[in-house]
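As structure tokens, here come the structures.
In the two complexes that follow, subunit A is the common piece, with subunit B as its partner first and subunit C second.
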Partner chain A sequence: MKNRSILLMLRTSPYRGVRFGEALDALLVAAAFEQRCTVLLLDDAVFALLPDQHGDVLGRRTAAKLLNALPDYEVERICVCEESLAQRGLINFVDTLSATRLTPAQQTALIAAHDIVWND
Partner chain B sequence: MPALHLIFSSAGLKSCLLRSNPNDVLLLLQDGVHAKAPEGASVLREHAVARGIESQFLASQFVDWDDMVRLTASCSPVVSWP
Partner chain C sequence: MGSNPTPSAISPERPIPCDDVPMNFTLIVHSTPDAGGGAHSALRFAEAAHRNGHHLQQVFFYHDGVMNALASRVSPQDESELLTAWQSLAASTGVQLAVCIAAASRRGVLDVGEAERLERFATLAPPFELAGLGQLIEAVMDGGPCITFVD
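Moving on to the complex of A and B:
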């Protein structure tokens, strides 16, 4: 199989519907087939980085835990939009996942550098 | 090669504009046709006609499905903005 780079852009809040988890599941399938995968969190998806989430009280998977597991599946790069964080007052929160913060211009370059871009 | 941005909503357009290159191709479709079309953006004619807003655009802005297929072949990556 040809190796391609795949960028998954997540834009919706992690507990709105099931898109967030399903999109990550799809990415893990791609990673299992040795495609190079990157995740970029934008807009309300940045809330997935907040600590102390308890998805189980909704009978749901916890978004931060899903992201935390990505390196185990060879998805090494998790990026987040600096501007989306700032708009939500999250510039100084404790990001235990240490996502790479990117400016919009850096995100433009990230999109151009991938063969395939998925949006949730 | 320029990227092709498929824009499906006003919110999608806003997110896209922040992160696209000036030489990228922007195409508004579905409810994206209601967003304020930036200069140079293309519009899927069928979706504007269906919503009764065909007269808001210039004829030169419209693309049909065949044009869209050609764009997907000549641009990379193709990015959807729901």
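Moving on to the complex of A and C:
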């Protein structure tokens, strides 16, 4: 077996269907197998970073809590697309997770630096 | 990568798999038979890879892709039956058709064992098999290129 780095690119709004949580579940299992894992949030998935989410009202898991738990599973790096934030007026919000903001060019480099790229 | 990466998305350091070198593919299917074309693309890719001498490590069905394994699904007469095509692929290549057990049970795709345990009825078509996410990770670690087919 090889160690292969995995980049998960999440684009779906965190409460649209179950993809967001399921995709993170797969990444956590990969991390448990000691694969180097990174998350990149794009498009409507950036809403998962907003504070004061209450998934329990919808009978769902809270997306921000799932992201918060990632470092406990050795997923150290959470990145977010700067353009997606800007398009949604979120450049100045308080990001308690301190996700690394990346330009499209930096995202290209991030993709190139990983062995495997997963989509949601 | 999506099902149709544009040439510009592939960097020179990572050439697209070449027909000259046999590759060992892991395919991940996120799409139902009816949503978009992801499931059909995955099947055609798998058939083409096999035809060209490549090996298929595993096809892993995740998210709504688990619906590909539903035995109770019936296609209209004038449309192709994707389930039969997956079954033929498994018969001709021996590839494992692995279905994520967690994603499957929330969508009503149960094998005989799960159906008995949960007191429901079985809906999983053979030779699809329920599998844990760990099996996907093992395939990814063992295998060559890993391609995801979304909607």
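Going forward, the second predicted complex is superposed on the first by the 120 of 120 C-alpha atoms of A that agree within 3 Å, B and C clash if a C-alpha of one lies under 4 Å from a C-alpha of the other, contacts with A are read in each partner's own complex, and residues count from 1 in each chain.
Going forward, contacts are C-beta pairs under 8 Å (C-beta built on N, C-alpha and C of every residue); 3 or more make two chains touch, one makes a residue touch a chain.
None of these values were measured; they are calculated from a predicted model.
Asks: Would you check which partner chain A:Val18 touches, where first means subunit B only, second means subunit C only, and both and neither mean what they say?
Replies: second
Asks: According to the stated criteria, A:Ala26 is in contact with first (subunit B), second (subunit C), both, or neither; which is it?
Replies: second
Asks: Tell me the contact category for A:Gln107 with respect to subunit B and subunit C: first, second, both or neither.
Replies: A:Gln107 sits against subunit B, while subunit C stays out of touch.
Asks: In the superposed arrangement, which partner chain does A:Gln35 touch: subunit B (first), subunit C (second), both, or neither?
Replies: second
Asks: Looking at A:Arg88 after the superposition, I want to know if it touches subunit B, subunit C, both of them or none. Which is it: first, second, both, neither?
Replies: In the superposition, A:Arg88 touches no partner, neither subunit B nor subunit C.
Asks: Given the touch rule stated above, what does A:Arg77 touch, subunit B (first), subunit C (second), both, or neither?
Replies: The answer is neither, since A:Arg77 touches no partner chain.
Asks: Mind working out whether A:Asp43 is in touch with subunit B, subunit C, both or neither, as first, second, both or neither?
Replies: Only subunit B is touched by A:Asp43; subunit C is not.
Asks: Look at A:Arg60 in the shared chain and tell me whether it touches subunit B only, subunit C only, both, or neither; answer first, second, both or neither.
Replies: neither
Asks: Enumerate the residues of subunit A that count as touching subunit B in its complex and touching subunit C in the other.
Replies: Correct list for subunit A: 112, 116-120.
Asks: Where on subunit C does subunit A make contact in their complex?
Replies: 1-2, 11, 13-14, 28, 30, 62-63, 102-103, 106, 132-134, 136-138, 140-142, 146, 148, 150
Asks: Tell me, which parts of subunit A touch subunit C in their complex?
Replies: 1-4, 6, 18-19, 22-23, 25-26, 29-30, 32-33, 35, 112, 116-120
Asks: Of all residues in subunit B, which touch subunit A in the complex?
Replies: On the subunit B side, the touching residues are 3, 11, 15, 18-21, 76-82.
Asks: Mind pulling up the subunit A residues that touch subunit B in the complex?
Replies: Result: residues 7, 9, 11, 42-43, 83, 104, 107-108, 111-112, 114-120 of subunit A touch subunit B.
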